[in-house]
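Following this line, the structures themselves.
Both complexes below contain chain A, partnered by chain B and then by chain C.
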Partner chain A sequence: MSAVLTTPLAAAPRSEGVWRTAWRRFRGDRVGMVSLAIVAAFLVLILLSATRLVASSWQREVGVPNAPPTLLGPRPPEDLGTIEVPKGPNVDLSDVDPLAPKYKEWAERAAKMKTEEIPRAQTLPLGGDRLGRDVLAKTIKGTEISVFVGVLASLLATGIGTLLGAFAGFFGRKADDFLEWLYNVFTAVPDILLIFAFAAVFGRGIGTVVLILGLTGWAGVYRQVRAEFIKHRGREYVRAAEAIGASTGSRMFRHILPNVSHVILVRMSLLVVGFIKAEVILSYLGLGVPVDQVSWGTMLAEAQAELILGYWWQLAAATLFMAVFVTAFSLMADAWRDALDPRLRGAE
Partner chain B sequence: MLLSIQELKVAFRLGERGAVTLVKAVDGVSFDIPDNTTLALVGESGSGKSVTAMSILNLLPDNAQRQGRILYQDQDLLQATLPQLQSLRGKEIACVFQDPMTSLNPVFTVGAQLAEPLVRHMGMGWRAATRQAEGLLAEVGIPEPKRRLDSYPHELSGGQQQRVMIAMALACGPKLLIADEPTTALDVTIQRQILELIARLKEQRRMSVLFISHDLGVVGEIADQVVVMRQGTVREQGPVAAIFSAPKDLYTRALLACRPSLTDVPARLTVIDEHIQGKVSAVVAKPKDPAAPVVLEVRSLAKSFFLREGLFGQREFKAVRGVNFKLRRGHTLGVVGESGSGKTTMGLTLLRLHEPTAGEVIFDGRDLLKLSDAERQLMRRRIQIVFQNPYASLNPRFTIGQTLLEPMMIHGIGADGAERERRARAILAKVGLGEDALGKYPHEFSGGQRQRIAIARCLTLDPEVLVLDEAVSALDVSVQAQVLNLLKDLQDELGLAYVFISHDLAVVRFLSDEVLVMKDGEVVEQASATALLAAPTQEYTRNLLGAIPRGYRGERRSVTTG
Partner chain C sequence: MSAYLLRRLWQMVPTLIGVVLLVWLLFKYFGADPAVILGGLNATQEQVAAIRQQLGLDQAWYVQLGIYLKQIVTFDWGRSWATNEAVSNLFATRLPATLTVMVPILILDTLLSIPVALGVAYVRGSLTDRTLMIVTTVALSISFLVYIIVGQYLFGFQLGWFPVQGWSDSTWTNLTTFVPLPVMLAVLVGISPQTRLYRSFFLDELGHDYVRTARAKGMKEDTVLFKHVLRNAMIPILTNVGYNLPGIFVGSFLIEVFFSIPGLGREVLLAVNRSDYPVIQAATVYLAMLTMLINLATDLLYKVVDPRVVLK
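Let's turn to the complex of A and B:
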């Protein structure tokens, strides 16, 4: 089409940068802004939880076991009266009881000890688990771990994938052949088997989960970045950079990388979502976070047993938090992609 | 009257949610296309000629708003429903677009793509459709049509692909063919063939053609009626003879003047604005110094590509062989040839963007091809390249300032950032751009401006030799004139030597002192520009010369059939 429709531009000393333009476009996206707000709220929550300002005492048993959510009200006292409590004085067994002389001494010693009985709440905001721990505090603490694992692992996977993809795509030939071989071997092994293998080697812990997910999840990023680099390496602007004497590294990472950044960013956000879900599965299988920590995954694993007994609130809380965060994050990533893609920009 | 456009207005809604602005693309255009007539729409990019043509079948994007009347055989197409339009598309009114490479589906054979509309629209069986397709291929002049039915698009040359596109457009026997810059992506020789084909088909099928072009020279060869558009309005319309012999509008006259001609070579080309303001450039061409020192000498340069064949074998494809020339300071060597003749490969090999297979490139007394990497980096400064496509050769994520500062930083030119920036400003002024360009991004500039920026990037390094690889081929004729003038001014001022690669001999003639004619990787003719034009010795060169559009010349050449 020969009609180039250019809007007149003010003769500003410096035009909007790429990021600023993207931000301006992003601000116009209502769905994007709402999801950004939700994600930001989650991040604040995680920050508060990490600095122990909220949910630091998630391990305390503050309610009765399986306390129901406040909204449902306290559980009606259970009818325990199947066996009738006998009336009248107890039968005196002291002449046959060999421990009888000690009772008095024990009673005296027991009187010296002091036990503090925490008043257990009958209901908790989002209910309690089987030990009476607050599900709300648990979920907040779980959010911290789950999101931390998801983001860190996706950073790792994106880093590996981008680097390898850039090398394979830019250099081609031998480098590409070798990395393609590596990629094929990696993707040929079933993911879950690979995860088990890594888990067996590294042992259990959050760091391990991050490492496992990062090391198994780079393949998709690699493939896409490689394709983008193959596409861009022959472009004239890269040739032009070579002609002015720009080094290989500069051409790869100063020239091409910013032009494919939108692809990488979106891929990374998809990985965050995927890894949060993968952590849930890993923890559910017992390969994830240790027992003294909590994540959405461990909560779901516990919820399985509780559900049979009719205690659904732990499942509901973990699922709700996860669904809201993951949906908001995906929508936000989508909006970022639209905002950053140079092809979609205004008059072009 | 076959088609009548009355007071057509098209505007595009632009901007994101909230702040929507209307940008007028076409503002009150009226013209008629009678039966069996070729009407040409001429104008620069952005004049609204494509938008006008695409309005006819409503092939515009969703954000377009149309007003006015488009009457096709007394039916108003602006009011037509989508099913009504779809029954017209392809059957009554067919389109051929600019780039044949992207218009054909690469995974289907030519035969299948040709037969499909026949089966769909005309209700033919596959066998009958294939027979018909073969006939169509023969009609558009493709040799061995039967064999070509089974070819895939990549097996055809650009010209043949465009012929297939035309055959597809003709498949259902349309009454109106809309050809949107059908030859712009093609070489001059192929352009000539396609123009002749369209003219012949128009006569044979008694259809009308709406031909869109930015080049009055092309239009003069094919059109009966001409409509000149600028900024969304019609500047002048009339029969082709009147437009060429007695143009009334200043803009039309300017368009006619700005195309470089083969016959007389002015010192500068006339630019539209100057022409409209009535300025005549009185610059006298500086005589070239025939004894200027030789800056670049090339001896038997060759470049082969090795194609894999079979399991272990490889076949040598000689893209360039036996190129020799000497280039003096302040002189220009023109390199001409059709696409595939190896001229671009030759240019890239000079800079070692391709590793040459054999030969010597002597630059300043040293063989460029035998330098170590460090020495090569120093030499890089002194020989630079400008690419064809100004839209692809600038990094879209760099501001113009960054683009211009980067080469200076790499080569350590200028003591500090401030000095480099001063230099960048000076160079921008030299190529005719304002200082405010520094902070802008490439997408804010037009094609011609981007090409100036690409030239400015080369100039930051103070090069002695510039390789111009089809540097003006992607530009409109009017913009091309400006860039050619700029190149000439820079050469006079800085004493640059150019290797000017182009498929258009008229453009080469304007700038060059010596011309190399390349064919299939070999130099077939090498002579001074004046000598080559006056007396070409090779048939190939004569063909290239004959293919250059010359505009309207009174009588038409008789159209050859077959």
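Let's turn to the complex of A and C:
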């Protein structure tokens, strides 16, 4: 009996979900797939770095200061100058030296301490910085922090934007008026000035950067989510949900939100790129990542002085990692947008 | 027209009040105590209390808000806490330097990217178009910092074409000696996103029926592109220029920091580092006013470039 009933239902083909369709379109996009692979490789690297499997000892000074990259070979020994080293035995000063009686005691105490001389490498895979830290490990750690800040800040901005946009779009009227006013206020101040004002107040640190970027960057998401909610709130499926007694919150976040989530995802991935660039600049200006941490921005800040002395590798490493990641991520975001929202294809 | 203007100006009031409140709340409730910052590291309790009284910080919040509003309305922000320079004087002396650098950047950016964008939009899908799009994507992914660091090193230090940094009192010397390098680097960075954006505007216009009609009646390609497409794409282009215009007044603080140009952006950044609240607050509120006025001016310009636009 039951078999008879279920057969016609099973026979009706279930329509393909939006994510499945998008994934099918995405797979056809060669550029998108390559960039996805690159971004995935970076994410694995970041995961390894975050779990301290690689680059955990980036602060160890393993090479000679400013060690050149292995490809270039060790630096030729420098000319030691023309002052001649004096020859002959040292002059005995012990009768006039007030510290003389203490030397023996100090020597004994020093002998008790164990010092370890770390052999320093002449060359490192991607060179060393001014303290002899491995630039490769540093860049990996910097990648972790820069990407982490970008992703977390965009999550925060998207969260704020989605929540406010959902309220404004769904309820309209007073809520909308108020939130539109708030939106106008935030967009009236140029972004960079808003970021500075927040930075002046909140101080420094990784958490602060995330907070600043998140609190100042939500306006675009808000605007788009609001428009989508206005479009969807009167649709039949929402009315149907209301008819069967779905609560307001359930209609907003269980019924409408999944239907606009692709728009939000695309927005968020665009934000990540913008925030990563912003973090680099903030860290360079000393408003971002603190000195005991490393990010692409702090590396570039150090690289400026090094470049004059001819030590270009730290600049090259940070720039290369950032350029590859950001290019791949933006191409991937474009491909996602095309796959999820074909109407937007070709638009900037 | 005047009714439209009045209404638009009236609409600015609530937004402006919002900006003022945002800045005030931000610094009042999240910022460090101004009296402690001003007192320095060795200030005694009495000194801090005295400063607090002097600034009116011991008053009720509405009295403080009143003082703050009075500063905005009378354009008197008092003096910078760090240098004791009047804030109004600070703005007046720093703005010319910022404009000397930023105006050429904006003009060159716009003038260079429009023809390039029109060109690649015309040959859409060709090798040139695709190559340029890839180049701009990569160019966009490199931090502005890298452009400045490498540019300064290469053109200023190695090749010696320009001074690495510096500034003089004469605008002419500035324009001919110190400005070219920063302007060149900024245009190099700015042209990529602009070209991409304008290309999409032109592509949009090229797909319209009027273009086909113009070609069908035998119009020369030049006329189609420069008289019809360009004019029709002017509205989104103007919007974008208008959007970038307020940024001119803060200046690219990065450029000013790197090339030690005594401009507004660098001053605001210094103020942030010194917790110099009056300067930051004044900059934020005035820039917001300016942004809104520029937006209004952009809307009025629409009418000029496109007579079909009805302002309502």
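The rule we apply is simple: the second predicted complex is superposed on the first by the 263 of 348 C-alpha atoms of A that agree within 3 Å, B and C clash if a C-alpha of one lies under 4 Å from a C-alpha of the other, contacts with A are read in each partner's own complex, and residues count from 1 in each chain.
The rule is short, and it goes like this: contacts are C-beta pairs under 8 Å (C-beta built on N, C-alpha and C of every residue); 3 or more make two chains touch, one makes a residue touch a chain.
Since this is a predicted model, take the numbers as computed values, not measurements.
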So, A:Arg25: does it touch chain B (first), chain C (second), both, or neither?
first
Who does A:Leu271 touch here: chain B (first), chain C (second), both, or neither?
neither
Quick check on the superposed pair: does A:His255 touch chain B, chain C, both, or neither? Answer first, second, both or neither.
first
Tell me which partner A:Thr319 touches in the superposition: chain B (first), chain C (second), both or neither.
second
May I ask you to decide whether A:Val280 touches chain B, chain C, both, or neither, giving the answer as first, second, both or neither?
second
Once the structures are superposed on A, label A:Glu242 by its partner contacts, choosing first (chain B), second (chain C), both or neither.
first
Once chain A of both complexes is superposed, is A:Phe198 in touch with chain B (first), chain C (second), both, or neither?
second
Taking the contacts chain A makes with chain B in one complex and with chain C in the other, which residues are shared?
346-348
Applying the document's contact rule, which stretches of chain A touch chain B when the two form their complex?
1-7, 9, 11-15, 17-18, 25, 28-30, 235-237, 239-247, 250, 255, 258-259, 342, 345-348
Counting only contacts in the complex, chain C reaches chain A at residues 14-16, 18-19, 22-23, 26-27, 30-32, 137-138, 140-146, 149-150, 153, 157, 196-197, 200, 203, 246-247, 250, 253-254, 257, 268-269, 271-273, 275, 277, 280-281, 283-284, 287-288, 291-292
Give the list of chain A residues in touch with chain C in this complex.
181-182, 184-186, 188-190, 192-194, 196-202, 273, 277, 280-281, 284-287, 296-297, 300, 303-304, 307-308, 315, 319, 322-327, 330-331, 346-348
Under the touch definition given earlier, write down the residues of chain B that touch chain A in their complex.
12, 14, 16-18, 21, 23, 25, 43, 45-51, 54, 180-181, 212, 214, 351, 353, 377, 380-381, 384-385, 387-389, 392-399, 401, 406-407, 410-411, 434, 436, 438-441, 443-444, 446, 454, 457-458, 461
